[in-house]
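As written, the chain order gives the labels A, B, C and D, with residue 1 at the start of each chain.
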Amino acid sequence: MRVGFIGLGNMGRAMVRNLGKSGHEVTVYNRTRSRADELKAEGVTIAGKKSDACRGDAVITMLSDDSALREVALSEEGIIHSLTPGAIHVSMSTISVALSKQITQEHSKAGQPYVAAPVFGRPEAAESRMLYILAAGPADAVTKCMPLFEAMGQKTFVIGDNPYEANVVKLTGNFLVASLIESLGEAFALVRKSGVEQERLLEVLNNSIFASTVMKTYSEIIAGERYRPAGFKLPLALKDMKLALEAAEEVNTPMPALSMIRDHIVTAMARDYGDLDWSSIALLAAENAGLEVRLPDTGKG
Amino acid sequence: MRVGFIGLGNMGRAMVRNLGKSGHEVTVYNRTRSRADELKAEGVTIAGKKSDACRGDAVITMLSDDSALREVALSEEGIIHSLTPGAIHVSMSTISVALSKQITQEHSKAGQPYVAAPVFGRPEAAESRMLYILAAGPADAVTKCMPLFEAMGQKTFVIGDNPYEANVVKLTGNFLVASLIESLGEAFALVRKSGVEQERLLEVLNNSIFASTVMKTYSEIIAGERYRPAGFKLPLALKDMKLALEAAEEVNTPMPALSMIRDHIVTAMARDYGDLDWSSIALLAAENAGLEVRLPDTGKG
Amino acid sequence: MRVGFIGLGNMGRAMVRNLGKSGHEVTVYNRTRSRADELKAEGVTIAGKKSDACRGDAVITMLSDDSALREVALSEEGIIHSLTPGAIHVSMSTISVALSKQITQEHSKAGQPYVAAPVFGRPEAAESRMLYILAAGPADAVTKCMPLFEAMGQKTFVIGDNPYEANVVKLTGNFLVASLIESLGEAFALVRKSGVEQERLLEVLNNSIFASTVMKTYSEIIAGERYRPAGFKLPLALKDMKLALEAAEEVNTPMPALSMIRDHIVTAMARDYGDLDWSSIALLAAENAGLEVRLPDTGKG
Amino acid sequence: MRVGFIGLGNMGRAMVRNLGKSGHEVTVYNRTRSRADELKAEGVTIAGKKSDACRGDAVITMLSDDSALREVALSEEGIIHSLTPGAIHVSMSTISVALSKQITQEHSKAGQPYVAAPVFGRPEAAESRMLYILAAGPADAVTKCMPLFEAMGQKTFVIGDNPYEANVVKLTGNFLVASLIESLGEAFALVRKSGVEQERLLEVLNNSIFASTVMKTYSEIIAGERYRPAGFKLPLALKDMKLALEAAEEVNTPMPALSMIRDHIVTAMARDYGDLDWSSIALLAAENAGLEVRLPDTGKG
């Protein structure tokens, strides 16, 4: 397929490479031009302006937050004013449910199909084509995008006919990961303070009823206190937890565990952990238990 | 091996059967005699009194709580006064860290080896020999018990030299399951209230980075509102959460998620869910979100 | 003084009357004209448009939320474009810290003094001139406003030179009231479930170390289950708690009690208590404890 | 009246002095004899053994916890075996509801009236006869004790016919104080981090709708960071919060704010604040917000 791609962060670049490898013709646009140039060697076309990335069968956006996507999608030079008739806007960013609904509506007025397709996976997963993709939108549009999804991820879940539904499930998933991190933080603190070797808990968790990919990732970070380099930094986690709380509040759903986690992220920010991985809320649990912690790169602990 | 077994609840009976199938000679004792008699047909010897179950190479206890184990182990007619020299007391119940330490000390004074070996797994897992066993105690004693553990479970984790360490890890594990249930409750409530089909979330959770045995068990119960029959009732969960909180308090470890979960269990009890599975704290989350819930067996909802 | 007044809700009308009684010349503006007309008999001048209320020594705004104040203060026909040179904008609404800072900046650019003066007190207190006023802004501007504050309240606290400081203290105060309500809800639930007459607790609270005006107000509502008529409805409380959370997040301050209270307000909304007084989070505590509650006006309970 | 007094801590000694000043004949017993001897100069009789303090019209116990009272009241040499017929046991300690019920039952079997009369007030209040007393028990026994209560406190509340009811209200009151401390900790943290002088908040809280005796005591400690000397140390607060949680759990009453506070006390203990006043959970809130705190006596901060 001929596809545009806007947003070349760690995730975006890896996804573009995989699209290219699968034979799609990709035209990229990035506000910071140098990031686009990096990809030139790989047969990717560089667009000089956003609209040049909107001339194919679809344009994928992978941006950092609501305001970036709002600008790229809805501003005067935005996608909505540049899309080739019939082309699909595939929004893969983690954004608010409210913005997803608004963009759906705007595209709908303009007669343009809109598909939300946020993903689970860190940059390593994007590189190795191991993303899980949550797709929602008009069934025929989702079907047309399947070759793209197959080029980028290991599995695509079709969530529903309304794009926002994928965003709800994505935010819910991030909450579930955060919740696991919080519990693991408390669990390892208890085990360590009780004088049990934490490697024993690590072994149990990864070889019994608890074993899963997220468990492995985060139990190893926590037991090893490897909060750097950050795969996903605290401020981004705070953003996502707030999006989830807003989505919940919109439908009058109390989420006490989520509220508590948000609070712990704010505490971690106040303790200057803003550059660490979001799993550093487990570091907070260790400190609150009076355990000695180490933060090699900052000279703390 | 020649082994005694005290405590024939749903778990205990299944474990005795598997010991027998593996060729061990089992002598059982149960306060309620009829439960012991059930096992007669399977080649098991029925002990008339506790001490008769203490004449082999080891005696296993699988009892409901601290007070039951205290009585069986430490009372005048208890194990401590009846064990054959060299025989091992293997305590597989989920009990407090404090009692585990006390029994360790008493057996130590009496020159008797004591091994703690609590398990992960519901009665179905016990029947199908799929338990995960957490063993802790003197290394040679643990080694001697391995044939017994192999007869009852699919995998044994050796946690440490002090029996109480296995109890800490067991309580920690139960907290982690409770925490998953709590989060799932909130997650499904959000998804349902947002108008997304909960089967979509179920599918994502069990086929992506989240997939694990506990996830499967509890996400299916919650999505299907199958809180009956209870695999593990709320009052037992409350007991375990309290044991974990006590263990944490003993070593000055705050566990905010655990405190919150304990609170939700108390709320569920106040709403008369005492006969439901402990995962009914997810039912609470649904009700708190104003969702319609159904409780077919009680005529509620 | 000659003073304009914009915003004639329950609070505003009472405040206007008291300004008039103290001899100030008041010109009122309200979007809903009829509310202004009510006041005509009391010697108040009715402005046909916002700018007519901006011709005196000061203009007071008492509006429901950020967006109303933003419109009245900053829009094309707003105060900022209409104020007589030297006249002061006195903002008495409960608004966000962020908006207070923004309006301060805009007025500052326009060379106009801006004073924030939010209040503690329900409509009854406004009527009986019993409000407590929290004033912040340039010292001379605050001093000039004192005759106005004396006409409306029983006591004025000067908080600082920056208007936003008064907003911070106001939101903090609302959080403290909410926190008292939450605790009282749990306290009365415990006492009632324990079989103690709740009138005994009521008596102790209002005649010992706990006695205060807020204690009296809310302990009587809770003990008497008088959640109607609402002095301050749940959705307004939710708004204020969110403003406080935002202010706290802005300066990286975790507020776990506030997060929990916000959550309980959302739960109360999900249970259809949106028309009740915000103290109905105490009703939630009673229900969660399995107590019978009564909601006479809705036919529930 | 002729009255025995057992338990000469800071509270007890002050209470004994006030009983003497009001003309009551007091016989004291204390495990640590020297504390009793201090009081000799004031016309108090020193008992050589517990039973000697049980020969008057009543015996008052003012002990640190359940186990001390259980020993003094129910052991072989305890009050229950020594009371003069018709004499009343007045228990003024803060103890568990469960123990209060048990002692009531034991005294009842022995035909001895039992009155629970826990108090609100720190040692200074005990000295200046400013205690608030919560009395519960058989009406005639309570009436007989009134002259004693009047000698020790400024006001007595009669709670009910069952002694345990006074204990429920006392624990509830301590929870309400703890809850105020928690909220104040968060409130002052927010205000300080927002750049507002905390003296402004202090002034508002003590001169408006919030003003109360507890508010004054704790807002001044927190604003002044005067966590030493401790009027009531953290471990005692932890004990009381646990007693309240147990009482609540006994009647299936969830208390989320209480659970959270218990958790914060455990955190404060883990941070080595065990020697500070229980209001040091506010110090925790300040630290969690990243504020600089000072702990002059320990060299921290």
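Keep in mind that, in the parts below, contacts are C-beta pairs under 8 Å (C-beta built on N, C-alpha and C of every residue); 3 or more make two chains touch, one makes a residue touch a chain.
Here the structure is a predicted model, which means the values were calculated and not measured.
Of all chains, the one whose mean C-alpha position sits at the greatest distance from that of subunit A is D.
Taking the mean of the C-alpha atoms as each chain's centre, subunit C and subunit D sit 37 Å apart. Taking the mean of the C-alpha atoms as each chain's centre, subunit A and subunit D sit 52 Å apart. Multi-chain contact residues of subunit C (touching two or more other chains): 248, 252-256, 260, 264, 267, 270, 288-290. Chain contact topology: the protein chains form a complete graph, every chain touching every other one. Every residue of subunit C that touches subunit B in the complex is listed here, in rising order: 256, 267, 270-272, 288-290. On subunit A, the positions that touch subunit B within their shared complex are 97, 120-121, 132, 134, 155, 157-160, 162, 164-165, 168-169, 172-173, 175-176, 179-180, 182-184, 186-187, 189-191, 193-197, 200-201, 203-205, 207-215, 217, 244, 247-248, 251-258, 260, 264, 285, 288-290. For subunit C in complex with subunit A, the touching residues are 238, 248-249, 252-256, 259-260, 262-264, 266-267, 269-270.
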